[in-house]
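Both complexes below contain chain A, partnered by chain B and then by chain C.
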Partner chain A sequence: MSYALTLAARSAWNRRLTLGMTLIAFVLSVALLVGIERVRTDARDTFSRSVSGTDLVVGARASAVQLMLYAVFRIGDATNNMRWDSFRMLENHPQVAWAVPLSLGDSHRGFPVLGTNAGYFEHFRYGESRALVLAAGRRNKALFEAVIGAEVAERLGYGEGARIVLNHGAGEVSLAAHDDKPFAVVGILERTGTPVDRTVHVSLEAIEAIHLDWQGGARIPGFSIPAEFVSKFNLAPKQVTAALVGLKNRSAVFAVQRQVNGYPDEPLLAALPGVALDDLWQIVGVAEKTLLAISAMVVAVGLTGLVAVILAGLGERRRELAILRAVGARPRDIFALLTLEGLFVTVLGAVLGLLMLAVATVALGPLVELRYGVAIQPRVVSLEELQWLGMVVGVGLAASLVPGYRAYRLSLADGLMPRT
Partner chain B sequence: MGELPVIRIRELVFRWPGATAACLDIPAFEAPRGEHLFLYGPSGSGKSTLLGLLGGVLLPEHGALALLGTELSGLAAPARDRFRADHVGYIFQQFNLIPYLGVVDNVLLAVRFSSRRRERVMARGATPFDEACRLLDRLGMTGDLLHREAVRLSVGQQQRVAAARALIGGPEIIIADEPTSAMDAGLQSVFVDLLLTEAAAAGATVIFVSHDHRLAAGFPRQLALADINRAIAVGEAA
Partner chain C sequence: MNRMYAVIAVIATSLACGKSLAQHAHVHGNAELQIAVQGQALTVQLASPLENLIGFEHAPRTDKQKAAAQALGERLARPDALFVPSRDARCTPHASVVNAPVLGMNGVIEGRAEKQPSAQAGKTAHRGHSHGPKKGELGGEGHAELLAQFAFKCEQPAALKGVEVRLFDAFRGLRRIDAQVAGPAGQKAVRLSSSQRMVSW
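So, the complex of A and B:
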């Protein structure tokens, strides 16, 4: 049996070209399967740790999932803003402990810009009730000052004192730049593993200021207000995109939600983050299952190719099997030889697939985090992934029994003389 | 002689599944220890079948076939495989070597599947590797030939490696099935001489099957399969 393993390995190496090609297909399929599983769990992790301690997310009426997506995860755009007096109503509501305004819509080199106030740094929590901490510098005080997330600082190489120009709109490439009113980076936040890392934080007043001479998404032609004069204007915000709300007593959450949803002056929506996330998983779950099913089928295709190649090679190897029989190999040794060969390639494929995924994670992880805000954790293998791999190897073993059995039958029929 | 014959056949009948006529019908055949027998058998004479029976891969329909006093049909299939590994060395017509194993590893294959043959090598105070090299050397395979890939050897060289494999660990029976048919005439007799010399040194019985009468000269006993087989030859492959 132990020698069958050596023989299987050397035989596989001897046919490394054909087996290698099927191995590549198999490695890719394993990497795909585990990769999808990895993105799936990491996306969930990233999303569920993005907001904590916030009882309600309030915005203009839309779907709760959409509201969560743009207000918390900075994905997509708000269809409507909410008026400032609606925010004031929230802030002054007797049940509300704190409310943090969020004003979105601008960007800096693809990173979203968030206009907010000091309450954000006081009340925002992520992960397990963790507060935001400055890694360097201080909070923004003056009008054209910004605090940036860890990812922004690292990706763009910004330190304290860096001068940055905001762009109108959320795209990475934008022709409309607020280049007449640059900001100074005064603080850098510690890494959180949430969308905060990708965010440039400025004050609500700054958002108003850079849009003073703008109308309908473009600069008013021939009209420009220099940065040094903007303080002479009324910079009180007129509207915000959304608000994070913390209650004095959590048990009032449904009552407050009802009141906000029925607010007569403006159609608003109050969403419970946990419930909205569950809704999101329900929607995403279908796509996830479909993706997993497709990648499982890709693995099946890879395994089928592998079995086909081993079976195809069997015809040429009848002589070899007869020699092994002549020196005393039992039919079950022949069975083991062929089955081990398939198993060998399967295990190798699983290991290489993981390795390839690790390389891909390191190489592409930052891009995925930048584009989609999902932090893919580089790791060797998780318990769940190990279960997937176990299944793959199990199916591989089952599939390898096919050439094993075929060789077993052949060697019984051929004996010492292959009949060709 | 009183000594047990190495091969003893009595009233053996073998029929391929589905065939009406018997392929082999051998009333009696014996080969004593150490005998070198030339068995003349053209294609279709049933010699492959006889070799399969001697190897315990095929079983007779009835009759007795005993090797070294052991009735093969009395053994279960795995035991027959083990018996073959322990007591019989084979040399086939050609393609005797496993293409992905080196020369020495091809020889060592025989002791990998038979602990008895490995122990017999060790009992002589040699490692299997040394013994394989010694046999290869005796058969004229030396130097860098030992490190060459099996598939890059000439047919004559391949057959010498096969002979070394058949001989290692001193099996009592060597069965050579047309081992020289793919060689040049000049090399044939050299090979037969080497094989018989080494077999004699090991005290092994040799059954040398060929359709070529010219090779019979070196053998003390010559026999035609047709003389011991009463069945009428029914076109059999190989």
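So, the complex of A and C:
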């Protein structure tokens, strides 16, 4: 048997160019299949670990999915803000244990700025109920102080004491900068693997302060309030983008949700974060299944190409196979030889595909995380992926039986001088 | 006992919010289920167009319709036959509220509620409350809903891993139930059908 393997390997090496090409096609298709599966599961993980221990997310009335996307994942924009008195109503609701205001809309070099209060650091949880921890420095106390996420600190090279300028609106480059009121970085959060890493945290009052001399999204011409005088103004927030709410008793969650949704003074929406996420997956699920189906087709195309190449090679190898027969190889040895070759290429393709994916993850992962907020974890292989690969190799083995059987038939029929 | 009163208080406040009935689409064949678990308390709330449950959405006129309404009341009075929580959790129903104004169901059923048809339950606390008979009718097009809330008490809450929903056997008009869960392991949404009846968490 080991002799058959050596023979198969040497024969394959002799045809390395054609086999190599089909191998590349196959490697790419395997990497695509496993890659899509990996992005899918990691996107779900990232999203579901981003919020924990929050019973309700409340914002202006929109769809629950949209509310979750902008309030928790900082994707997209709010359609509207909620008034500060609505937030106060929520905070003072008898069933509500805590409510944390979120004010979004500004950015710093592409990273979102979140205006909030001290409750955020106390009540916000991610993953398995993990609290936010400062890796360095302290929480923001004075007006123009900011606490930044791990990714912001790493990408922009900020440490404690760095001075940063916030931009009005989102986006990497903005002409409307709040450059007259710079912030000092006083704390850096530990990495969480959630959108918190990409966020600059300031106080709600600071958000009010930098917009004091602004109107309609631009600075009022010829009018400016220097940073040292802003404390003389009323900096109480007038509106917030959304709020995270924790309840005293979970049983009341649906009742409070209904009450918020029926709040007479302002159209509000209360969403259960976990339920909204499942709704999102139901929407995205169709696209995911389509992608998986397409990548499975690509694998099938790769396999077909592989079988075609081995079959085409058979014509040229009839003499080789005839000689093998002449020196004592039985027809089933010929069968094994050809089948092994196909199987070997399939397994090699699967392994190389994984390897390629690992390299791509390390190389492109940070970019994907920065752009889309999805943390792709580098890993060897998961159980689900192994199942996919097992299926691919199984189909590959079945496909390799075709050239094996063909060679078996030929080697029975042909003599030493095949009529080619 | 304190816990029980707390649960009843929650139920009462949730139903006292008059708009609660009107906040989701009225689609025949579909119903909504909200399940909350906290400590020993398991609360299940069902909102469904009456059409799904009895085949009509107005006050019963014929004898047949009256019998259907009566049968519905009897079914709802036995929540443990409609919702089966994990057996090891040893959950027992201890309070329910059924609210379907067009059928004259409007009130709290306290205690075990073994045989008492809920159609007669209006005599308890909620009679005379502001729920007029119009509250259950939506948009003036003759649609009407049923809103019911069932509280279970579980002796072994740690073993409570799910609820089997047997509404599809009882009510042929039901095609789909959108269930939402808020439990110790987080929140989730599940779509139930006659082939997928288990809500687990």
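Here is the rule we use: the second predicted complex is superposed on the first by the 419 of 420 C-alpha atoms of A that agree within 3 Å, B and C clash if a C-alpha of one lies under 4 Å from a C-alpha of the other, contacts with A are read in each partner's own complex, and residues count from 1 in each chain.
As a working rule, a contact is a pair of C-beta atoms (placed from the backbone, for glycine too) under 8 Å apart; a residue touches a chain by one contact, two chains touch by 3 or more.
In this text the structure is predicted, and so the values were computed from the model without any measurement.
Superimposing the complexes on chain A yields a three-chain arrangement in which chain B and chain C fit side by side.
In the superposition on chain A, A:S63 makes contact with neither chain B nor chain C. In the superposition on chain A, contact of A:A255 is made with chain C only, not with chain B. Contact with chain B, but none with chain C, is seen for A:N14 once the two complexes are overlaid on the shared chain. Legend: residue contacts after superposition of the two complexes on their common chain; A:S382 is shown touching neither chain B nor chain C.
With both structures placed on the common chain, the touch criterion links A:V275 to chain C but leaves chain B unconnected.
In the superposition on chain A, A:N80 contacts neither chain B nor chain C.
Between chain B and chain C, the minimal CA-CA distance in the chain A superposition rounds to 54 Å. Interface residues of chain A, counted against chain B in their complex, comprise 3, 7, 10-11, 13-14, 319-320, 322-333, 415-417, 419.
Across the interface of their complex, chain C is touched by residues 52, 55, 249-255, 258-259, 261-262, 272-275, 278-279, 282 of chain A. By the touch criterion stated above, chain B contacts chain A in their complex at residues 48, 51-52, 55, 57-58, 77-78, 81-82, 84-86, 90, 92, 95-101, 109-110, 112-114, 165, 237-238. Against chain A, in their complex, chain C makes its touches with residues 6-7, 10, 13-14, 17, 19-20, 23, 34, 36-38, 41, 43, 45, 180-183, 186-191.
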